[in-house]
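What follows is a pair of complexes built around chain A, which joins chain B in one and chain C in the other.
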Partner chain A sequence: MSYIEVNGLRKSFVVRKKREKGKLFREKDTVEALKGVSFSVEKGELVGYIGPNGAGKSTTVKILSGILTPDGGEALVGGRVPWRERREYVKHIGVVFGQRSQLWWDVPIIDSFSLLKDIYRIPSAEYEKRLGELKEALGLNDIMRTPLRLLSLGQRMRAELCGSLLHRPELLFLDEPTIGLDAVSKIALRDFLKWENSEHGTTIMLTTHDMEDIAALCSRVMVLGHGQKLFDGRLPDLLEKFDTVRTVNVKYGAAVPSVSFPEGVSASWTDNELSLTYSPAKLPTAQLLLLLQEAGPISEMTLQPENIDHLIAAMYKEMDL
Partner chain B sequence: MRGYFSVFRMRLRMELQYRGAMIGGILCQMFFGIVLVALYRALYAGKPQALPIEAVTTYVWLQQAFFRMLVSTDPDLLDKIRSGNISYDLCRPVNIYWFYYSRIAAQKLMGSLMRGIPMLVFAFLLPKGWGLSLPASAPGLLLGLLALIFGFLCMCALENISMGFTMRTLDPRGIQGMLGLLMMTFSGNLLPLTLFPDSWQKVITVLPYAQLMDAPIRLYSGIYAPQEAPRILAVQIVWTFVLITAGICLWNANKKRLIVQGG
Partner chain C sequence: MDTFKLYIRSIGMLLKGHLQYPASFVMQTVAQLVMEGGEMLAVILLVDRFERVNEWTGGDLFFFFGMMSVSFYITEFFGRGVTGDFPSMVRTGKLDTLLLRPRTIFVQVLCSGTDPRRITCIAVGVAALAVGSRMSGVVWTFAKVLALVESVCMSCMLILGLFLIEAVFCIHSVKSVELVNALTYGGRSACQYPIDIYPRPLRILFSVAAPFALTMHVPAAWILGKPLYGWPAWTTFVTPLSGAVVFALMVLIFNRGMKFYRSTGS
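And now, the complex of A and B:
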């Protein structure tokens, strides 16, 4: 059996709307956040969980971290049902909510950490060792005695991550951990997660809107939309399915007589420069290169895959999300 | 226990940071104390009551000194519930009721000690008939302190019940406004319970609110004789048990219908 086994998980919320003019009662809407989601995750996997806003990603994380009780379905993580054996279960997991804070606002972060030490009953020697390791890996040495409110967002997120990992969880949930971070902080965070995963074998489940996070970290990706799982597999496979268009820019050394391209290729010329988009599925790249080379002496050339965000947007559109 | 004690300690320390609020609170409670005492003196000048004026002023000053224990709310806790940051506390290996109970206890204890001690010193220094009298007897003082401990446990339990309701209504103002009014009236903060008609007192003194401050004050000032203490304490213990049980049930029920705000 896998480490995480989720079967037909369902959860709905009631949303009360403002009363319409002329009506006596407010309308109620039931929003089905999860409509029977199933998946399994092996120990030590690093899984990305993506989907548009409101797809049910955070709801899944909250159910699997024991906070919410689902309406139906089953989930077993390491042999435990999260919402039934909450107190015992949560000792073994760590959670980071990217837009929330677990550390105390007015006190130095080291004090918040020692509170967590007591809450998780981490032995002192073990705590010192782990804190030293995390401090080093997350670059927290200079800010341990600074109150949380004086830290930048990037520093704060690193401190949050440290707080969630002090008790050496087997499983770490990250709900949009890179939200609002700058490029340097994002890269540092990703490097750290990779390190934690390979060094300690921590299973990581990550929700994000930043496709770079997924590309850099996750060997496997699950796509969720309208409360259903739409894709589960490797990121390259996902991209291949939707990666329809690529852009090529070619600069020729001399004037070139116009080239005729097969259907489906759109080309535009500016002097000696050609910019075209094509679909590798219809026209193999090797064949295109041959065409381009025959046309004249190439002095410069760039080939770009389509922006990953556009791809995902196209995919959401195709999946009707 | 370590986790609960640790959060208690942390909240104590946080309370120490609000020194400006402490000074403001002391001045405000002193002002209220003096105004109330002047009011009762005027009342007594017109129509003396059975209860001596010294007992009334003592009652007023003790109420004012521990006002912060009676009426205070942890703004951070409310904020957690409103914003959904409570998620983090829900994924800790602790019992959420006792975890918050510890927080509330720390805030109420530190807040009222910081304000109460200077206030009591001030009230002792006031002239007779205006200030705080010495306890009626040594057993009266000890029994009063013991009763104050149970009163304190009840206050924290009541506060945790109002937190539990806030989990449902999201805005604390309604429930706090209602409970606050009951609390101010029936705890004797607005008007000493000793001045209510005797027939009313029979009912009022067994309500939970009378256990908070009224029972300890009466033991302190000898209105309840030390022989009556076992009965008084028994009522307090029953209420402590009932209020804590009710709070635990409320929080357990909340867990089943929980929604996390803000995505």
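And now, the complex of A and C:
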């Protein structure tokens, strides 16, 4: 059996709307956040969980972390049902919300950590060892005595990660951990997650809108939309499914007469440079190359896959999300 | 014991946090003093004008006032998580993060709030108790001290229990808590005077629904040597336990409410 087993998970919320004029009661709307989601995750996997806003990502995380009870379906994490015996269950998991702090705002972060030690009843020796290790890996040494409120967003995120990993959880949930971080902080965060995953075999489930996170970290990606699982597999496979257009930039050594391309290719010229997009499915690449070469002496040429964000947007559109 | 240690450490840390803003802390503490001093002034004026209310003398009235101030503000000092911060915890989602930790929610809520500014209110209450017992010529015996301590403890539990009603309403995302405020803040205002000056409906309200009369007035009257309704001495030590009963009941209901929260929250 897999480490995480989720079967037909369902959850709906009742949303009360503002009362309309002339009506006695407010209308209620039932929103189905999850309509029967199933998946399984092996121990030590690093899984990305993506989908547009409101797809049900956070709801899944909340159910699997024991905050919410689902309306139907089953879930087992390490042999435990998250929403039963909450107190026993949460000892084995860690959760980081990108937009919600779990440390204490006005006190130095070292004090927060030492209170977490008491909350999780971590033995002192074990705590010292783990804290030393995390401090090193997350580069927290210089800010241990700084109150949380004085830290930059990147530093705060690293502190949050440290706090949620002190008790050595087997499973770590990250809800948009890189939101609002600069490039350096993002890379540092990703490196740390990779380290934690390989060093301690911590299973990590990550929701994000940043495709770079997925590309850099996750061996596997799940796409959620309208409360249903739409894709589950490797990121390259996902991209291949929707990666239909490629961009080519060609620079010629001399001025060339304009080339006439078959339908489906959009090209634009600036001086000697040509930029075009084509779909390999419609126009074989070999044929395109031939066309380009016949036109004149090529001095430079680049070929690039489409930007991942555009791809995902195209995919959401195609899946009607 | 472990939980108690956690509570002490949490509150200690929050106090440290409060003291990060010393100027604001001092100003707010002084403001509290003015506020509670004003309340006391009302009693002083009353005593000055009427000398006695029913058979209660001025000293007795100070004593009753002190009982309420000390109990109410100790509760606010140490139980701010329940008496003040809970609604915002629900609104901002902090409650969700508490659910991620291997401790009971009630303990964690209690651990996440303190209001040290109330220290001056407690001081005013202690002063009123001292002045009142002096004026009424109370001779302190061990039993009387015990009765006072029990009464304050039980009243704190009662007040905490009443605030938990509000918390339960919050869990069910009901915003209008005016009805509950009538019991908590209303109870504080009303029951700083002895219960027997009130008409019957109010007496029933504050003896049965929110039994301040049982946790406070029965022992206070006995300490002052004028047993309420002429009840025997042992009632002094038994009736305050109603505070613990209300508290236990409300903690139970609160825990049930948290189950509901986990099945409906978003």
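Quick note on the criterion: the second predicted complex is superposed on the first by the 317 of 321 C-alpha atoms of A that agree within 3 Å, B and C clash if a C-alpha of one lies under 4 Å from a C-alpha of the other, contacts with A are read in each partner's own complex, and residues count from 1 in each chain.
FYI, contacts are C-beta pairs under 8 Å (C-beta built on N, C-alpha and C of every residue); 3 or more make two chains touch, one makes a residue touch a chain.
Predicted model, so just to flag it, every value in this text is computed and none were measured.
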Superposition on chain A - do chain B and chain C clash or fit
clash
Touching A:Ile119, do we find chain B (first), chain C (second), both, or neither?
both
Give one of first, second, both or neither to describe whether A:Asp111 is in contact with chain B, with chain C, with both, or with none.
both
Give one of first, second, both or neither to describe whether A:Asp271 is in contact with chain B, with chain C, with both, or with none.
neither
Touched partner set for A:Glu263, first chain B, second chain C, both or neither:
neither
So the chain A residues that chain B and chain C both touch are 13, 62, 65-69, 87-88, 90-91, 93, 95, 97, 100, 102, 104-107, 111, 115, 118-121
Would you tell me which residues of chain C are touching chain A in their complex?
2, 5-6, 9-10, 13-14, 16-18, 20, 93-94, 96-97, 99-104, 259, 262-266
Flag every residue of chain A that touches chain B in the complex, lowest number first.
13, 53-54, 58, 62, 65-69, 87-88, 90-91, 93, 95, 97, 99-102, 104-107, 111, 114-115, 118-121
Would you tell me which residues of chain A are touching chain C in their complex?
13-14, 33, 59, 62, 65-69, 83, 86-88, 90-91, 93, 95, 97, 100, 102, 104-107, 111-112, 115, 118-121, 147
Note: in the complex, chain B contacts chain A through residues 2-3, 5-7, 10, 13-14, 17, 76, 83-85, 87-88, 90-95, 255-256, 258-260, 262-263
